[in-house]
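Single-structure report; data block below.
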C-alpha cells in the first residue's frame, strides 16, 4: 500500500462521505459545508490523477465561487432547519430513491467489470513529467502542464471556448433578468 | 506551440457566418436596449431583432440556394460539418426564431416585459441550436447544447412576476441539468473506451482520428465494438439525454409543466426549435457514430416511440389546459418522429428519404405550431398560463381569421388532409412501411385516432355554439377584445395558414426530395 | 487492501454520481437539489479525468474545464431562479412548487 | 383541353371557389347569395350530367387531366383526373345530389347561412373530385376534403346531442380513413409503381409479384378501413347516430355520396388489384354484410324516429353492396355499383323528404304524426316513391342493383345461404319502410300533431322544395326503367377489371345442381 | 305488330304519368283519360289478337347487361297470353267505366284513375313478359298498384293497415319467387320462357322440386294461397271496383297465369303439393265465406276458394282447365264485385249484408245480374261456371279422389254461401234505412253489369271463343271431354248447387240482424269465424315475436356495439388517459423518479437482458 493508495482512500472517503452527508443533512448550511468537503476531496483526487490545473480550478470555481454563492443564497433566503419541514417527505420515496440510486451505482460499477481481467492499470499508472514535451501532431497527449491546456483551448477548442463565452453571457443576462426588477419603466407601477 | 497550430489551421470561421452574425446581432440588440431610455426605444430593439433576423434568413436562403450550392465539408478540426442538411436546419431555426421574435414582440409589449434581453437570448439560443446541429464532436455538442439550455432557462422563467413561469423555469433547469448529466455520463463512458480500448477489452479501431470525442472516431470504435457493454451503456445514456430534449418517454414527464408555465412564444420555441434540434442531433448520431449499433438500438427506439405516442396522446386527452395539451400532443409528435428516425436507421444512406421526411414533418409542424401558438398569443387571457377551452368558444364567429388560422393549425397538427401535416404523416407512413415498422404504424394509427379527440375537441369549441351559460356564472373576461389590432401578426399568421394549405395540396419542387 | 487502480477512481466517480441522483430524488429543498446536481457533475468529472489520465489524452481534461464552466453558469441561473421564486412563494421546497400540475 | 375537361375541372373548382367567396363574404345581399349558390351548386350538376352523356366507354379513362408536378415524386403522386365506366355514373350522382342538397340548403333558413353554404360547397367540391380522381392520393385527399366540413356542420347545425356525435363520428371516420390510408400506402410502397394511380399500379403488379401474405394483409387493411367508412356491420354506429343528428344537406351528401367512397375504393382498387386476397376475405365480407342486412335491418324496424329509421335503412342497404363485392364476380360487383348509384339517390331523397316532413310536423317521431297525406298529397307521393325506391321496387334503380346482387349470389353453390338470408332483407325493408309511410301519411291525424303549433299552417310542397326532390327522383326513375344507360358502361369497365375472376369462376360449378355442369354447357349450345 | 304490342304496353304507362303529373287537380279529365286509355287498350289488344296469325309473337331488346347476365326486355305473345290479355283489357275497360259512376263524388279521383292505369300497365306487362325477371318486375309493380289502390281511403286505419299487409305478404311470396328466379338462371343459364321451355324439354334432369316450389311462392303470394292468403280479405278496404279488377278478376289470377307460363318446370311432387294446397284452400275459404257479414269479404273468400280450384286444376296436370276457370271466374267474379259495388254505392257505403235486404225490388238490374253471377259461380248447369268448375271436378274425380272430395265439398259450400249472400242481401225486407232508400244506379254502372252477365252466361261455351284466344285451353278441354264418368259428374254437380240452394233457402230466407247459423250451430260458426286463427297467429308473430325481437336487437346493438365496442374502447382509452394524467402531480422529485427509472431501464436494456 503506497502513499498514493492511502491518500486515495482518505480523499475517496472525504468526497463520498461529504456527498452523502450533504444529501442527508438537515440544515442547508451544513449541507453546503459537506458539499465543500466533498468538492475538496474531489480536487484532491484530481491531484492524485495528476491533473493539477483541474484541481486548482475545482477548488477555485466550485469550492470557492459556486459554494460561496450557495452559502450566500442560503443566508439571503434565511432558510434554516426550522424552515425545512421534513427532509424525506415520506419514507417510501426515500426508500425507492435510495434503492434506485444503489441499483444505478451497482449497474454502473458492474459495467466496468469486463476490463478487470485484461487490464492492469499499474502499467499505465506512470507519473508523467513531460511538461516540456511537444504536443503530438494528431492528438492531444495528457499533460500536467498548464500551457498545454492553454494551447489546446486556444487552437483546437477555440470554437467551444467562444461558445462558452456566449454561454456565460447568456447566463449573466439570465441572472439579470431574473433578479432585476422589470426593465420597462412602465411596469414599475 | 507550433505543433498546436495544426489544430487551428482549419478553424474556418467563415463557415459559421450565420451563427456569428446572429450572435453579433444579439449583441447589437442588447446594446440598443441598453442605451434606450424610453419604452419606445426598447421596442426598437425588438424591431431591430426582427428586421435583422429577417434579413439574415433571406440572405442565408439566398446564400445556399443561389450563391453557394452546398456540399458536405468539415471545419474546426472536424468538429463541425456543413452540408445541405445543416443548411436546412439552419434555415429552420432561423425561421423559427424569427417567428418567435415576432410573436414575442407582441407578447412582451402587451405583458410589459423586457424586450431587448428576450430577443438577445432567443438569438443566442438559435445560434447555439445551429451550431448544435452541425457539431461532429461531443465537446462542441455539449457546449452548444448547454448554451441553448442556459438561454432557455431564463426565457422559460421570463415572466418573473408569475410564479408559474418561475416554477416552469426551475423545473426545466433541474431536469435539463439532470439530463445533461446523463448525457455527459454517456459521453464519458464512450470516451473512456475510446481513448484506451485495450484496457476495456475492446478492439482498437483502425482509425486516423486520435480525438476520442470526435464522431468519426466514435463511429469507428462502435463499428468495431458493437457489443461492448460500456459503449452500449454510453450510447443509451446519450439517447436518454436527447430523449429529454425531444420529450420522448420516459423522459417526457417535464414537458407539460414547462410548457404550461412558459411564456407563450417560448412555449412555441420549445415545442418547435428545441424539439427539432433534438431530432436533428438524434439523426446525426444514430446515422453517424451510432450506426454500428442500429440492431441494438432499434427495439429500444421502437419502445420509446410507441410509449411516447401512447403516453402523449392519452395524457393529452384529459387536459383542460391548452398549453399542457399542446405540450403532450408535442410529446406524441415526438413519438411519430421517432418512427422516422427508426426508418432512417433501417434504410441507410446519407440523404435517405427518412431524413428528408423528418425535415418535412418538422417543417409542417413548425408552420402549424406557430399558427396555433400565434393565435394563442393574441388571446388576451388574464393569466398567460391558463388557456382553457372555454376561452376559445365560438372564436370562428368572434374573430373569423383567427379562428380559421387556429383550425387550420390544429388540423395540420392532427394530420387532416389537405393540410401540410397530413402530407408529413403520409410520408411518415410510407417510409415506415418501407422500413417494415408495422407495430409502430399501428401505434401511430391508434395515436392519431386518439389525438382526434382532443384536437377536434378544441376545434369544436372554436366552431360550435358555447355551452349554455348560467346566470350565476361570473361574466367572462373578454379574451378576444381588439384581436384585430395585432399589427404584423395577422398577415404573418395568415401566411402560415396559407403555407399549411398550400403544402398540403402542392409540394412542387419540395416533393422531389422524397 | 489492493493497490489503487483507475477502477477505484471510476467506481468512486459513479458513487458520487449515484449520490447526486439520490439527493435529487429524496430532497425537497431546491438548494440541495442543485447541490446534488453539482455532485453528479463532479462524479462525471472524476471519471473523465481518470479516463483522460489513463488514456493519456488531454481532451478529457479540457472537457472537464467546459463542464465546470457550464455547471457554474447553471448554478448561477438556478440560484437566481430560486431567489425569484422565493420572493413569490416564500419557500425553497418543491412541495410549494407544484402550481403546474393537472 | 377541350370543353369536357373544362367541365370536369370546373365541377371541382367552381364549388371550391364558391366556398372561398362565401367565406370571404363576397355577395352581401341575400338575393345575390342565392344566385351565386344556384350557380355554385348548379354548375357541377349540369357539368356532371353533360359529362355522363358525353362519356365514351371505349376509352380507359375519359376526359383525362394530368398534372404531374404536384410534388412527392417518390410516391408517384400526380394530379390525375378522369372518368371511367364506374366513376362516371357515380360522378353524375354526386352532381345530382349535390345540387339537391345545395338547393335545400339555400332554402333551409339555417342560421349563418353563408357559412353553411361555404362548408357545403367545400364538401361538394371534394365529392366531385373524389370520383374524378384517378390518382389514389387525390382520391383520398378529396374524401377528407369532403369529410371535414361534416364535422363542423354536424356540430353547428345538427340535432340532439350534436357536439358529442360530431366528435364521435370524426374519431370513428378518422380511424377508418387512417386504416385505409395505410392500406393504400402499403400498396404503393410494396408495388412501387411509378405513379400512384390505378392503371400504373395494375401495370406494375404484372411485373412485381406481391406475396400472398402481404396481399392478404393489405386487402384486410383496405377492407376494414373502407368498411368503417361505409358503415360495415360492427362499425356502423357512427353512421346511424351521425345521420340522425346531422343537418339535412349533410346527411344527404354524406349518406348519399361520401359513404360510397369506401365501396368505390374496394371496387376500383382493392379487389381488382388483389384478386386472390379478395377471394380469401370474401367470406368475411359476406358475413359482415349479412350483419348489415339482418341485424341493422331489425334494428331499423325498432326505430320510432323517422330519420333514425332512414339512417338505419341506409346502413342496412349498404350490406347489399358489400355482398356484391364479396361475390367478386362481374355481376356482383357491377350490380353493387348500380346499387351504389341508386342507393345514393334514394337515400338522399329520403333525408331530404324527412326534412320536409319535419318542417311540417316539428318532429321526427312517427308516433306523433299521422294522416299527413291528406294535407300534403304531393309530399306523400314523393315520400312513397322514395320509400319504394329504397325497398327495391322495380321501376327504380335500386331494384336492379339488389336483384343483380341476388343473382350473383346464386352463381356459387356455397353462397346459397347468403342468398336466402340476404333476400330476407327485401321483406325487412318493406316492413319498416311501409310502416313509416303508414304512420306518417296514412291513418288519422294524431292528437299531438293536431295540437302542434304548425298544424294550421301545414301546406303542401312549395316550388323550392319540389325542385331538389324532383332532380333526384327523375334520374332514379330513369335508371329504373332503362337501366342499360348505366349498366352497359359499368359492365364494360367491370368486365375488364374482373376478367380474371370470370376465368376463375368458370372453374366453380356454375349452377346449383350437382350434375349440371355438362348439361349447362350443352344447354348453352341450344340458345340462338 | 311489335309496335302495336309496345304501344299497348306503354299506353297505360303514359296515361298514368300524364294523370299523376298534370291532372292531379282535374278529376273529370283524369277519369276520362283513364277510361279512354282502357278503351284504347281494348282496341289495341283486339287488333293484336286478331292480327297475329303466328302461333306466338316473340320480340326482345337488351334491357340490362352485367357480365354474363344479359337481360332482355321482350314480349312473348302466346296462347295463354292472348287470353289473359283479352280478359285484362275487356274486364279492365268495364271496370273503368263502372268506376266513372262509382267514384263520381270522390275528390281523389285522379289518384284513383292514375293507380288504375299503373295497374293496367303492370298487368299487361306480366301478360306479355317473355322472361321471368321481367315478370318479376311487373309482378312487384302490380303489387305496388294494388297497395296504392287499397290505400285509396288512406285516412281510415283499416285501409292503411290492409295496404301494408298486402304489400308485405306479397313481398314474402316474392322472396321465394326471387330465389326461384336466381336458381333458374343458374340452373338453365337463362330466364327466357321460350328458351326455358326448350331446355326443360331437352334435359328434364335439371328440374327440381325445390326450384319450382320457390317459383311457386310467387303464385302463393299473389294468388293469396295458403299460408299467405291473409291479405286478400283485408284488401277489401279499397274501393270496390278495385277489388273487382285486382283482387278478383286479374291480379290474383296472375299467380295462376305464372304457373301456366312455367308449367314445364314443375315436377310431380310439386304439382301434387300445389293441387293439395289449392283444394284445401277451396274448402277452407268456403267455410270462412259462410259466416262473413261483409259483402266484399264474402266475395273475397269466394275468390280465394276459386283460386284454389285453379291451383288444383293446375296441380292435377290440367293447366288449360285452370286457365279456363280463370276466364270464367274473371267474368262472374267481376260481375259480382261490381254488383256489390253497385249495392254499396246505392246504400251509402254500407257493406254489412244483414243491413241490406229487399234490394231486388229497388235495384232490379243489379239484383238480376248478381243472381246470374251467383248461379254461374255455384255451377248451375249451362252457365259458364258449370263448364269450367265441373271440368275441374271431373278431372279430379278421374285422377285424384281425395282432392276431388275436398273440391266437391268446396263446391257445396260455394253454392251455400253464394245463395246465402243473395238471399240475405236481395230478398226479404229492407233491414236498414240505407237499403230502404237504395236506388238503381246510373248507366255507367249498370251497363258493365249487364255485359258481364252475358259473358258469365256464355263464357263457358268454348266454341264462342275466337281461336286466337281460346286455343290454349282447347286441348285440355277436349281431353276432359274424353274422360269417363260424365253423367255421374252431371248428377253430382247439379246436386251440389241444389243442395246449396236448398240449405241457403232454408237457413237464410228469413233473417234479422243476426246470423242464423250462429244460433243453430254456434260451435261451427265460431270455428268458421275464427278462420283457423291465421290472423291471430300472424299478429301474434308481429306483435309478440317480431317487434320484441327488433327491440331486443336494438338493445343488443346499443349494448354491444355502441356500448361495449365503441364506448368500451373509448372507456378504456379514458381510463388509460386518467392514469397518464395521474402521473402529473407537479412534484419535482416524482418526476425525477421517472428519470431515474428511465435511466435504470436504459442501462438494464444495454446490458442485454432483453435480448
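The letters A, B, C, D and E name the chains in turn, as written, and every chain counts its residues from 1.
Going forward, a residue touches a chain if its C-beta (ideal position, glycine included) is under 8 Å from a C-beta of that chain, and two chains touch if they have at least 3 such contacts.
Just so you know, these numbers come straight off a predicted model, no measurement behind them.
Novice: So which chains count as neighbours of both subunit D and subunit E?
Specialist: The shared contacts of subunit D and subunit E, listed by label, come to B.
Novice: Listed by label, which chains are in contact with subunit B and with subunit E?
Specialist: Common neighbours, subunit B/subunit E: A, C, D.
Novice: Of the other chains, whose C-alpha centre is the longest way from the centre of subunit B?
Specialist: Using the mean of the C-alpha atoms as each chain's centre, the farthest one from subunit B is E.
Novice: What chain lies farthest away from subunit A once each centre is taken as the mean of the Cα atoms?
Specialist: When every chain centre is compared against subunit A, the largest gap points to E.
Novice: Can you give the whole-Å distance between the Cα centres of subunit C and subunit D?
Specialist: Here the centre of subunit D sits 66 Å away from the centre of subunit C.
Novice: Counting in whole Å, what is the centre-to-centre distance of subunit A and subunit C, each centre being its mean C-alpha position?
Specialist: 7
Novice: With chain centres taken as the means of their Cα atoms, state the distance from subunit B to subunit D in Å.
Specialist: Here subunit B and subunit D have centroids separated by 44 Å.
Novice: Based only on mean CA positions, could you tell me how far subunit C sits from subunit E in angstrom?
Specialist: 96
Novice: Touching at least two other chains at once: which residues of subunit B meet that condition?
Specialist: As it turns out, subunit B has residues touching two or more other chains at 139, 143, 146, 150, 153-154, 157, 160, 166, 169-171, 174, 178, 185, 196, 199, 210-211, 229, 233, 256-257, 318-319, 324, 453.
Novice: At least two partner chains per residue is the criterion; list those residues in subunit C.
Specialist: In subunit C, 10, 17, 20-21, 24-28, 30, 33-34, 50, 52, 54-57, 59, 62, 66, 70, 73-74, 77, 80-82, 84, 95, 97-102 touch at least two other chains.
Novice: Can you give me every chain pair that touches, using the contact definition above?
Specialist: A-B, A-C, A-E, B-C, B-D, B-E, C-E, D-E
Novice: For a test of understanding, state which residues of subunit B touch subunit C in their complex under the given definition.
Specialist: Of all residues in subunit B, those touching subunit C are 138-139, 142-143, 146, 149-150, 153-154, 157, 160, 163-164, 166-171, 173-174, 177-178, 180-181, 184-185, 187-188, 191-192, 194-196, 199, 210-213, 256-258, 260-261, 318-319, 324, 385.
Novice: Show which residues of subunit C lie in contact with subunit B when the two form their complex.
Specialist: Residue positions touching the partner: 10, 17, 20, 24, 30, 33-34, 37, 40-41, 44, 47-48, 50-52, 54-57, 59-60, 62-63, 66-67, 70, 73-74, 77-78, 80-82, 84-85, 88-89, 97-102.
Novice: Quick one: in the complex, what on subunit E touches subunit C?
Specialist: 581-582, 584-589, 592-593, 596
Novice: Along subunit A, where are the residues that touch subunit C in the complex?
Specialist: 1-2, 4-5, 8-9, 12, 15-16, 19-20, 22-23, 28, 31-32, 35, 38-39, 42, 45-46, 49-51, 53-54, 57-58, 61-62, 65-66, 69-70, 73-74, 76-77, 79, 83-89, 93-94, 96-98, 100-102, 104-105, 108-109, 112, 115-116, 119, 121-122, 124-125, 128, 139-143, 148-149, 152-153, 157, 160, 164, 167-168, 170-172, 174-175, 178-179
Novice: Considering only the defined contacts, which subunit B positions touch subunit A in the complex?
Specialist: Contact set of subunit B toward subunit A: 1, 3-8, 11, 23, 30, 33, 39, 42, 76-77, 79-80, 112-117, 120-121, 124-125, 127-128, 131, 139-140, 143-144, 146-147, 150-151, 153-154, 157-158, 160-161, 166, 169, 185, 189, 196, 198-201, 208, 210-211, 228-230, 233.
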